[in-house]
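Lettered A, B, C, D and E in written order, each chain numbered from 1.
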Amino acid sequence: GCGASKNSNSNSANPSSVQQIKKNGTIRVAVFGDLPPYGWVNKNGQRVGYDVTLARKVAKDLGVKIKFVQVNANNRVDALNANKVDLVLANFTVTPERKQVIDFAKPYMKVSVGVVSPKNKKITNVNQLKGKNLIVTKGTTAENYFTQSQKSVQLMRFDSKTQQFNALKNNRAAALADDNSYLYAWSKDNPKYTVGIKSIGPKSYIAPAVKKGNKSLLDWTNKEITKLNNEKFFLKDYNSQLKPYFGKEVKPSDVILPYK
Amino acid sequence: MAHSGINVLFEGDNFIRLLGGLWITIKIAAGALVGGVILGTILGVLRTLNSKILRFILRLYLEFFRIIPTVVLLFLFYYIIPRQFNLNMPANELATLVFGLWVAAEMSDIVRGSLISVPKHQQESGKAIGLNRYQLYRYVLIPQAVSLEIPATINLATRVIKTTSLLMLISVMDVINVGQQVIEANNQSYPTGVFWVYGLIFILYFLIDYPLSWWSKRLEKQRLERNNG
Amino acid sequence: MAETILKVENLNKSYGKKHVLHDINFQVDKGEVVTLLGPSGSGKSTLIRTINGLEDYQSGSIYFQGEKIIPNEKNLQQLRQKIGMVFQSYDLFPNLTVLANITLGPVKVQKRDSKEVTDEAHRLLKVVGLDEYADSYPRQLSGGQKQRVAIVRALALHPEFMLFDEVTASLDPEMVRGVLDIIVDLAKTDHMTMIVVTHEMNFAKQIADRVVFLENGKILEQTPSDQFFSNPTTDRAKQFLDSMDF
Amino acid sequence: MSWTVIQQSLPMFAKGFELTLWLSFVGVVGSIIVGVVVSLIQYFKVPVLHQIGSIYVEISRNTPLLIQLFFLYYAFPVIGIKLGAELSGIIGLIFLGGSYMAEGFTGGFVGVPKNQIESGKAIGLSQWQLARFVVFPQGFSLSVPAMAANIIFLIKETSIFTVIAIPELTNTALDLIGMYYRSNEYLFVLVVAYAIILVPLSLGLTYLEKRVRYGSFGN
Amino acid sequence: MAETILKVENLNKSYGKKHVLHDINFQVDKGEVVTLLGPSGSGKSTLIRTINGLEDYQSGSIYFQGEKIIPNEKNLQQLRQKIGMVFQSYDLFPNLTVLANITLGPVKVQKRDSKEVTDEAHRLLKVVGLDEYADSYPRQLSGGQKQRVAIVRALALHPEFMLFDEVTASLDPEMVRGVLDIIVDLAKTDHMTMIVVTHEMNFAKQIADRVVFLENGKILEQTPSDQFFSNPTTDRAKQFLDSMDF
């Protein structure tokens, strides 16, 4: 009796269990809204991008409708914790700190921090940044890495991707650090800039995230990633959403994980 | 330059989407105002009653919303309250709630101020003809206070509308958030898009707020003229 | 012997530390008109406000028709229906029409029939020559007209007893006459019991049965009207009367 | 809530605190100066400047600070004007605060009773002497409550500086939340920090208001 | 023949569309005291405000000491130094001490020696019994005291001519006496030229050489004082006088 009641309690306290999502008929997914080509809104007002395509697929496989919740990098953990969303698919890099507060499913992309700078004042080495301004977005792995490991670099911390890229274009800093995966895309769009440092700090992975302890959705998502991997879904997603935005120097294997 | 930057506004559905964002902004502001004005009026009346404890508590409520910047309030409500109280609310409703509580706080002060500035002899004449406390408020004090508080209330409305700009910081698809999507999505074809998009938003806010402030000023002026005359 | 309507016994009242009324003792009989005279700040307004329960007091008792008034919200509200009071400042409710000002008390407080009250209001307005203004708002009336309506409003409650506090003090001199005439009428024709505070000596002379002279919150003398104006008992009252006529 | 987390964050909050104070101070002082100038221009109805002043007040009062900042910081560089973050913030705050203060002072001048102005004229004071001895001294003290409200309002508005990456208090808190996910603790410190600035200030200004009212009202 | 100080010719004044003064013609000679009587709203205040340049006018002329006043800022400012005016509402500057209120005009406007003006101010304050209040602020004075200071303030400018507009209307009855006594003194002892608007008939009787009676913005009669009060020419003035004494 006791165990059962506890169980039902925790079930009713978990509004994001697979069962509950199916019952609601909707899954709420956190995505970016201003980060082409991962999560953004095209000029017709449609949400598109690599993460968004994945999110739609997940909803379809769950058999429910999807509701997008647009987040900024520094809201992603709280969006889960405050029950604002069931799942985060917003280029969420797996880090030890984050693992303590939320649960990551199996990764679906790999990434590391890159640094983009103007071609005419190219930054190719971290030492060139000493005492200079570097733009980051709050709550990104890039911010974490520079805050903890490169204390001599002065950070300018922005709330959104739009703001950070605009700040770089306005020459407010020597360079900008973020996940290399979108720096590639952005620098193709902005040919005056180049990703001078392609990879710095630890190599990491991008994975879906759920609220800590949401075992039900975590297990389901793990299975789903494995299944999608086998179906080569990520390669298709890459080809349709990412490839047109990357330069020739980027190969699928730089971004997506090898499939067995 | 291939295109003039201003065309970014008319590319695809951009303009409609920006207006859609504005509509959300207006809905939230309107909801907060309606709820806040009603709640605030009740609180304002309570603050003119004799109970010291009640007045103290309501005063604390007011000061809390006065002292804490709205950005901070939004984050507090967005992140802490749902988790602590297991209360789940979509961002739009939550924003309406936060703004509504803030409006109620400010409104309670406006209502209280106008109630106590109804001349004292009005209250005494009411008592002198035997009105009880409820009747005094119902027939004498509140009707007279309303005309005093209208300009301040409209003014509060303009502040609420302006402050909705902060909604972009939580996940509300308000006009600024839509603006950022537009800027990003059209970055390549319209490098100066940022200027035009923010410029349009600037003008949109002005177009909504200016008539309201004008109206409030006019009412205030009329009231002063009536008083002097 | 005439019935005593109001009796004040050993009344003491302070505002904070300021002792404003000292050991006030007096009574008013049915049909009697008492005028309260005294220099500015002597406590005239405070005294009649206390009688009407608009101010609390520290000690002493007030009896109305022989019954001691226990001052709580409920009792005072009932008491005030039996006492009509008119103030110096035009105190009509600006948000209500003249008619609504008059009928509010009788209909909402005394729960009398709305039709009947309205008829009576029109009759009273005719008496003071203002029936055509029944649907006007107070701001459309002159000061003197407003004060006349205020008197009608008090009368519509059928009070046993009226209190007037310098009802002409903020009127234009030419307007004063009309208002005072109505009060004289109430006294002489209707034998209404009343306490009148005024600075119009000629009016006081004409209306008063008895004068209560106050200074610094104390009753200096209570004298029948004829005697007070010809030959007041105290020097202070004499000096006061001298200063009042230029 | 963890006290260790709070303690560890204090040095960072201290920096943000200092910056918030400094920006507030400059913003408030600047706003008062702009407010005085604009209200004087309006009072004396200086030709041309008077109209410009009115337009400025309307634009500034009827648009959000956030958009004013976005415009200054992100949009102005597009047309070739580049200002640093702090400079943009201060200019934005003064742009906003100047009009609020100007309205407050003008309200004070207008509030000087008409009979005061007429008595001034009756003893032969010139336009300027009337302003100098009657309207300004009384008008400024009448505008103290409005000024007090504006000061608090402006300090709170510095929290919006977070959107242009100025590391003031709010920015610091949001940033720490983004990195370490301890929302409870950081928001708690943030609220306390604002309370430390604003509660004493608010009490002080209320006291000042009472003093000034006592000093000049009650003719 | 006495010198004419003020002459008003065919003066017409409107507030917007409201015609308030109609073809006003009258003059005041040196040393003469004119009282302006008339019902409320008849235009008394408007007339003396127009004389002092506080109101503009649509047609007609005003001559001061034989010279026509062209109403521009500069001329009016100079004119006002020669005309003292005291209003109904206590109009002292609350931000200045009593002394500073008095010396402001003489020192700043007339550029007279500060020491000399201060001495004179003290002398005048003594005359009205208020020298001990020189360093007080207006809020520390009673209404009657404020009005006395306002009179001193006007006198300190050494005006040729004084205008008084119901200076006792907002005073407590017992305070009225002190203020009126000062004006009587100015008239009888100093032979100051003045126009006085008042509702105190006894005072008007005592002080006036001539009465100008106004109604609806028109001068109905100008009569020497003795005659006006005993036997006014017009019925309207008779009726007015009747209503004034109860």
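By our rule, contacts are C-beta pairs under 8 Å (C-beta built on N, C-alpha and C of every residue); 3 or more make two chains touch, one makes a residue touch a chain.
Keep in mind that this is a model prediction, so the values were computed, not measured.
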| query | Can you name the chains that touch subunit D as well as subunit E? | reply | none
| query | What chains touch subunit A and also subunit B? | reply | D
| Identity of the chain that, by mean CA position, is farthest from subunit C | A
| message | Which chain has its C-alpha centroid farthest away from the centroid of subunit B? | response | E
| query | In terms of C-beta pairs in contact, which two chains are most connected? | reply | B-D
| field | Distance from subunit C to subunit B - Cα centre to Cα centre, in angstrom | value | 47
| request: Express in whole angstrom the distance between the two chain centres, defined as the mean CA positions of subunit A and subunit D. | output: 39
| note | Distance between the CA centroids of subunit A and subunit E (whole Å) is 84
| request: Between subunit A and subunit C, tell me the centre distance in angstrom, where each centre is the average of that chain's C-alpha atoms. | output: 81
| request: At least two other chains touched by the same residue of subunit D: list those residues. | output: 74, 162-163, 174, 177, 183
| note | subunit A residues touching 2+ other chains are 78, 81, 159, 163, 166, 169
| query | Of all possible chain pairs, which ones touch? | reply | A-B, A-D, B-C, B-D, C-E, D-E
| request: Give every residue of subunit E touching subunit C within the complex, in rising order. | output: 39-40, 172-177, 180, 199-200, 202-203, 206, 240, 243-246
| field | In the complex with subunit B, residue positions of subunit D that touch it | value | 58-59, 61-68, 70-71, 74-75, 78-79, 114, 152, 156-160, 162-163, 170, 173-174, 177, 183-184, 187, 190-191, 194-195, 198-199, 202
| query | For subunit A, which residues are in contact with subunit D within the complex? | reply | 73-74, 77-78, 81, 97-98, 101, 138-140, 143-144, 147, 156-159, 163, 166-167, 169-172
| remark: Interface with subunit A, subunit D side, in the complex: residues 73-74, 77, 82, 84-85, 162-165, 167, 171, 174-175, 177-181, 183
| message | Looking at the complex, which residues from subunit B come into contact with subunit D? | response | 5, 63, 66-72, 75-76, 79-80, 158, 162-166, 168-169, 176, 191-192, 194-195, 198-199, 201-202, 205-206, 209-210, 213, 228
